[in-house]
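Look for chain A in each of the two complexes below; its partner is chain B in the first and chain C in the second.
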Partner chain A sequence: MTRETKGERPVHEKPRDLFDAFVAGRVGRRELLRRTAALGLGATAATTLLNAAQTRALAADYNWKAHQGTALKLLLNKHPYADAMIADIETFKNLTGMSVTWDIFPEDVYFDKVTAALSSRSSEYDAFMTGAYQTWQYGPAGWLVDLNEYIKGKSAPNYDWDGVLEGLRASTAWSGKPGDALGGPGAKQWCVPWGFELNNISYNQRIFEKVGVHVPKNLPDMLEVAAKITKDAGGPYGIGVRGSRSWATIHPGFLSGYTNYGGRDFEMQGGKLKAAMNSPQSKEFTKLWVKMIQDSGPKNWATYTWYQVGTDLGAGASGMIYDADILGYFMNGGDNKERGHLAYAAFAANPKESTPTANVWIWSLAMSNFSTKKDAAWDFIQWATGTDHDLFGARKMDFVKPVRTKVWEDPEFKQKIGSYPGYLQQYTETAPKAKIYFTPQPLFFNLTTDWAAALQRMVAKEVPVDEGLDKLAENINRQLKGAGLG
Partner chain B sequence: MSDIAHPVAAVRVHATGPRSARLLPYVLSLPALLVCIGILVPFGTAAWYSLQRYNLAMPFTRGFIGLDTYLDFLSDPDFWNTVQVSAIYTAATVILELLLGLGIALLLRQSTRLNNAISVALLMPLMTAPAIAALMWKLMTNPGFGVLSWLVARGLGVSDFKWASDPRTSMLTVVLVDIWVYTPFMMILLLAGLRSLPTQPFEAARLDGVPGRFVFFRITLPMLMPYIVTATLFRLLDSIQQFDIVYAMTQGGPGDSLMVFQVRAYLEFFQYTNVGRSAALMMILWAITYALSNVFVKQWLKLRERAHGAH
Partner chain C sequence: MAHTDAHSSRLGRLLRGIALTAVVVFFLFPIVWIVMMSFQTNEQILRIPPRLVFEPTLINYKALISGKLVTAAGSLDLPFMRNLGNSVLLSAVSVLVSLVLGVPAAYAFARFRFRLGENIAFTLLSFRFAPPLLVLLPLSLYFQDLGLANTYTGLIWVYQLICLPLILWIVRGYFEDASPDVEHAYRVDGHSWWRAFTRIAIPLAGPGIAAAGLLAFIFAWNNFVFALILASADKQPVTVGALAFVTASGIQYGQIAAAIVLSILPTLALALYAQRWLVEGLSLGAVKG
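Here is the complex of A and B:
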């Protein structure tokens, strides 16, 4: 029987008050743990109370129940970030009284599904996962809602939009005019950053120690280190990078290093785009890149997607990768042969530069323009990209590259990633200049895929680098002209 | 009154009968008409789109441009590369599969238990989805651990054979996968043809001591020709529309070395959102397929007429 006396709060409210105070920041983590133990609460009860307290805190200053009873449907890519969201979806349901269902697809077919759903103007999905590059097609096509009005006028007071890394906020906003700067004047916020990827080095410490090499400091150094691994490691090749005939070959390590060398994809001349892939900086970088793959890359590099790059590192088949840091992160756990042997480092490819210029991939959430429940969909998006859910994902799940600075300062998250040597440090060094370095334009996928195809020809020695890049620029200029962009 | 009503009713009954009889053919052909509409509407839509500048990412540029996309293809080296790659792929797969299928069918011609068991076993690749077969071959040709890479390195002493990763050998690799999957199709059709041929000409040739080569070229092959034409037509139409094996293995690369029609059209639509160009590519592919079918069907009809004449 619960003991309740006049003027005294019920006993069951004491734990609740404690967790409310913790969420409000009036009680520290250690104090919470001490008092939780004193109250005799188990871990499960404590977690439940914490979730409930977070839900109450979220609900305090915003009417989260405005769309109670609404059913939302999401389109999701199979990814640890989506897994983290699904694991916490009950919190959203309890908070809003909405129901949520979703379709989830592997990445190989995911964007085909998105294109099919949106181009058919289907109202089936209210919100969906996307990359920022895809919004350069979806946005101007009229398939997405500009989220500026929601962020500025319909957000919960504690949404903290400014707490998202500045480069990522800008990278997901574009005016729709080819060549305009991302996040520039008149930019529409086509999606909200959710989780991202920095392109840096993930390397196998065991192999590095065995061969006696150091973490590469720049691209020429990387060529030497990778060559030595290929020669002396007794099986593993030196460096894993993507090589398939896809735009996805260009955006990770390649463009990060390319930018560091001063390379640009396009120049604006008289309001028109002009290919800049054959600039002297581009040629200097591309020659080194091609040689690196020829000397020390995987033999079947031209079929390599992120999957092969990652699994080779996890299986000890490669010494290092220059790709998404989270790919290296995931390979350091699970059933991977090399789990516990991997480490991470920031990478500035140009010997004359000390700061990395990591091009980023940003998993984001966007709202379908054909949704009939836009306000409700926004409540989902702001919850999923809000600090509380991000903290849940970062602490409890594999949401290991959150976009919010506050999450990176969280002691529990820091402790969790502390066992991944260099992971936090490479983030700290790289995040300030991390953004999308491509020029936004609607032919992004055609032209970047052509870029990858040209790279394949150069690596296969079908064409020398200088000639290959000149031909590529010529081909791209022809396409730009044909589309009225060049 | 009843005298008047009666003949009217009789006339009605009489008229209802023939009218329903007249309507019956239309009613019966309704499903076929619906299927026809189901085919022609998307076809007509694609044809219409192919005459437009239509990129989903640039809706403001959409407009009717007539045959401009088709004319642009004439001066587009990428398009001619696609024509060339598709032609090489189709010719290589159809010819090799025909020769291999015919050879195997001749070996299994006698209907014995062993031959029947072998012919069933040989059908197994045909039961594998081509995309899955491509992924299996991708693993088998992996230079790091693939069994075929190992065999090539041990057997031929070529340690750096890159299979689908090299533009010089990528065509060979996908053709091998296609042969592995589809040769059984050729084999089973030709085997059925061989086993259905009349035995008298062969017995007569045997009694006369006619050499085997003569029997094959002057008796077997001519009599088998309708089957060969049919099997070749099926494979030709399938090969020129190749997508799954090529896309699963290399996405059309390295470079543009495997950029066949369907892969290019798929990329144009799903990745580049260029509906107009994708539709134009598909219309060209349809025209090629239609022309090839026409040639083969006419040839097949001629052969059939000749066969009937012989009877």
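Here is the complex of A and C:
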């Protein structure tokens, strides 16, 4: 009598059942590992079976094969989030029967490539990575697809759009009318959040212990701690923040702290934008910020971008940074000298506030309006931003800032980031109020660059802070008027 | 007296030696530093303060040549050798095409007066004035319609904007400097116009052609924006490829340095090979009466 006639499944189906049960949540991770070992499966075979099980689970309630045979092409930025997606791309191919190719470009030139492809109405790329700020230019120009209809009408039942952090869903949606709130009425979903960055403190525990300082609680405290590190640490300077003449100087720590002090970039007056960079709150915050850089910032602060801020922290040249948490995360590994010495903390700059107001950068996926395979492209976007792939990236790769709450609750992910002291906690404390705090308007890149230039002049003591901010507001109001926005 | 002369000449030689060393150190220091960086790991490079003595490693070159960088953070694919190959292909073929088209054209502009001749020559030169970004967007639209977008042929065509005007104008000057009497005498002997061009005119302008070709090669090699906008990642030259070492999780200084060393090698080899003609080419104008 054969096994089959006794009602038993063939031997090769046993592992398959096991992985199906795991994906359905009937079997835990430890149990899966124990039974995988009992079945004598190697790690590679187990991963293949797990991918196959995930594919079957996803396919159960949605026709993922609707675009079988379609060839998609993506435009990607060289980033750990893109690497995580590429590592899992076979799952998508198996699930849908589509083929996927991609062009990957370094970040320095990435947005030039995107802008050129979209403005020349190229149909080459179906979907691409973008930041939310860029969609303020791309969306109103008619280069992007409003993804609302896809999210609401063409998603797999388990897509779980509401599982994405609320602030991030709102931050990637805009009506296109300058000054309208992000995610407000009539907002178009220009892109889908994928992985993001919070701006908080990453600090070097070794240097903090050596100097005998605590993690700063607010901005005045940060000034003192940074000054003490600069004075006593024997080489390293106190605090790393960006300073190049670019929008990227304004959006991380600076805007997060600025918002905490009650500062706004613009006010709406009679339907027109008016610069608010010279408000009393802004002046109070900016004076402290400028003094902090003058006393304890890097020597070449005015050239500092993401790379220099991160490199200095990783090489032990700075005591702490007030920048993207994932930048601090990456510096704690690899071949960095200070790997294993870094820790993380949430930061509310205003002594009167207890909750941080972190401005965020959101790597998102958008669909080109010139794509000839939009429905197929949506299938890719909803797979890549779906829970299953995000869990894969978070557990196995450096997808370290997922946008889905469910992924943050995953025990395996929690265990993985547990060795990065404070990383999970700063996320938990900051996530509720994490969103984009800029007012969306089409001159975003020009005006924030002018803002950074004004900061440079203040730090170089070419102009006092009060006068510098008044001049900045005047200059920005003139530009807004010229563009018909102010 | 003779003793004083010998003494002062020794002193002069010494001072000249010191001055030359200072100049060489000043100009070559960045290159020497890059070469040294290319034999160090990121951790060694970022040491504070930097050290002159270190334990050299070939890890950066190995990573570039094998196309795979294995670090504690994971494995990274590096398409650098492909980028290098693209640069060689695009620059070499573009210069060859420009030479084939530009040298006869330069000869025509130098020897013959014809209607609108100067206007045509100036129009070709004006291609060098236009900022590349101005022409790139319309070009990419046309390229998509013509099926030239994302092809080597399309890129080589666009590279003519860099190479052709340069070769045409430099070589034209050399043809104008060479006396036409020699060619006339040769033709009086019964040789054809074509033979006079290939046997007399081209050899006379040879150093100039070599200099212009090399210069065009360097300009084409250093181009960044044409391939970036008009082609996919697999057709990018080293200038774009080298940026791949600037990643969100850190800058790979060692690999950037090794990439620079590898990417200047082809141009350096070509320059050394063509040096003899270059010196002749450059000094030809100097003795012009």
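Here is the rule we go by: the second predicted complex is superposed on the first by the 480 of 486 C-alpha atoms of A that agree within 3 Å, B and C clash if a C-alpha of one lies under 4 Å from a C-alpha of the other, contacts with A are read in each partner's own complex, and residues count from 1 in each chain.
Here is the rule we go by: contacts are C-beta pairs under 8 Å (C-beta built on N, C-alpha and C of every residue); 3 or more make two chains touch, one makes a residue touch a chain.
These numbers were taken from a predicted model, which means no experiment stands behind them.
*Asks:* Which holds for A:L424: it touches chain B only (first), chain C only (second), both, or neither?
*Replies:* Touch status of A:L424: no partner.
*Asks:* Check the residue A:A453 against both partner chains and state whether it touches chain B (first), chain C (second), both, or neither.
*Replies:* first
*Asks:* First (chain B), second (chain C), both or neither: which does A:F445 touch?
*Replies:* After superposing on A, A:F445 lies in contact with chain B but is clear of chain C.
*Asks:* Looking at A:A181, would you say it contacts chain B, chain C, both, or neither? Reply first, second, both or neither.
*Replies:* neither
*Asks:* I'd like to know which partner A:D112 touches here: chain B for first, chain C for second, both or neither.
*Replies:* After superposition on chain A, A:D112 lies in contact with both partners, chain B and chain C.
*Asks:* Which holds for A:A317: it touches chain B only (first), chain C only (second), both, or neither?
*Replies:* So A:A317 meets both chain B and chain C here.
*Asks:* Does the superposition put A:Y307 against chain B (first), chain C (second), both, or neither?
*Replies:* Second partner only, chain C.
*Asks:* Give one of first, second, both or neither to describe whether A:Q137 is in contact with chain B, with chain C, with both, or with none.
*Replies:* In the superposed model, A:Q137 contacts chain B only, not chain C.
*Asks:* Residues on chain A in contact with chain B in one complex and with chain C in the other?
*Replies:* Touching chain B in the first complex and chain C in the second, residues 112, 119, 317 of chain A appear in both lists.
*Asks:* Considering only the defined contacts, which chain B positions touch chain A in the complex?
*Replies:* Contacts found on chain B: 55-61, 72, 78, 138, 141-144, 160, 162-168, 249-256, 267, 270-274.
*Asks:* Chain C touches which residues of chain A in the complex?
*Replies:* Against chain C, chain A makes touches at 78-80, 83, 103-109, 112-113, 116, 119-124, 235, 306-307, 310-311, 314-317, 326-327, 330-331, 333-337, 339, 398.
*Asks:* Which bits of chain A are touching chain B when the two form their complex?
*Replies:* 111-112, 115, 119, 136-138, 140-142, 243-247, 298-303, 317, 442-443, 445-446, 449, 452-454, 456-457, 459-460, 462, 475, 482-484
*Asks:* With touch defined as at the start, can you tell me which chain C residues reach chain A in the complex?
*Replies:* Those residues of chain C that touch chain A are 41-43, 46-48, 71-74, 136-137, 140-141, 144, 149-150, 228-229, 232-234, 240, 243-244, 246-251.
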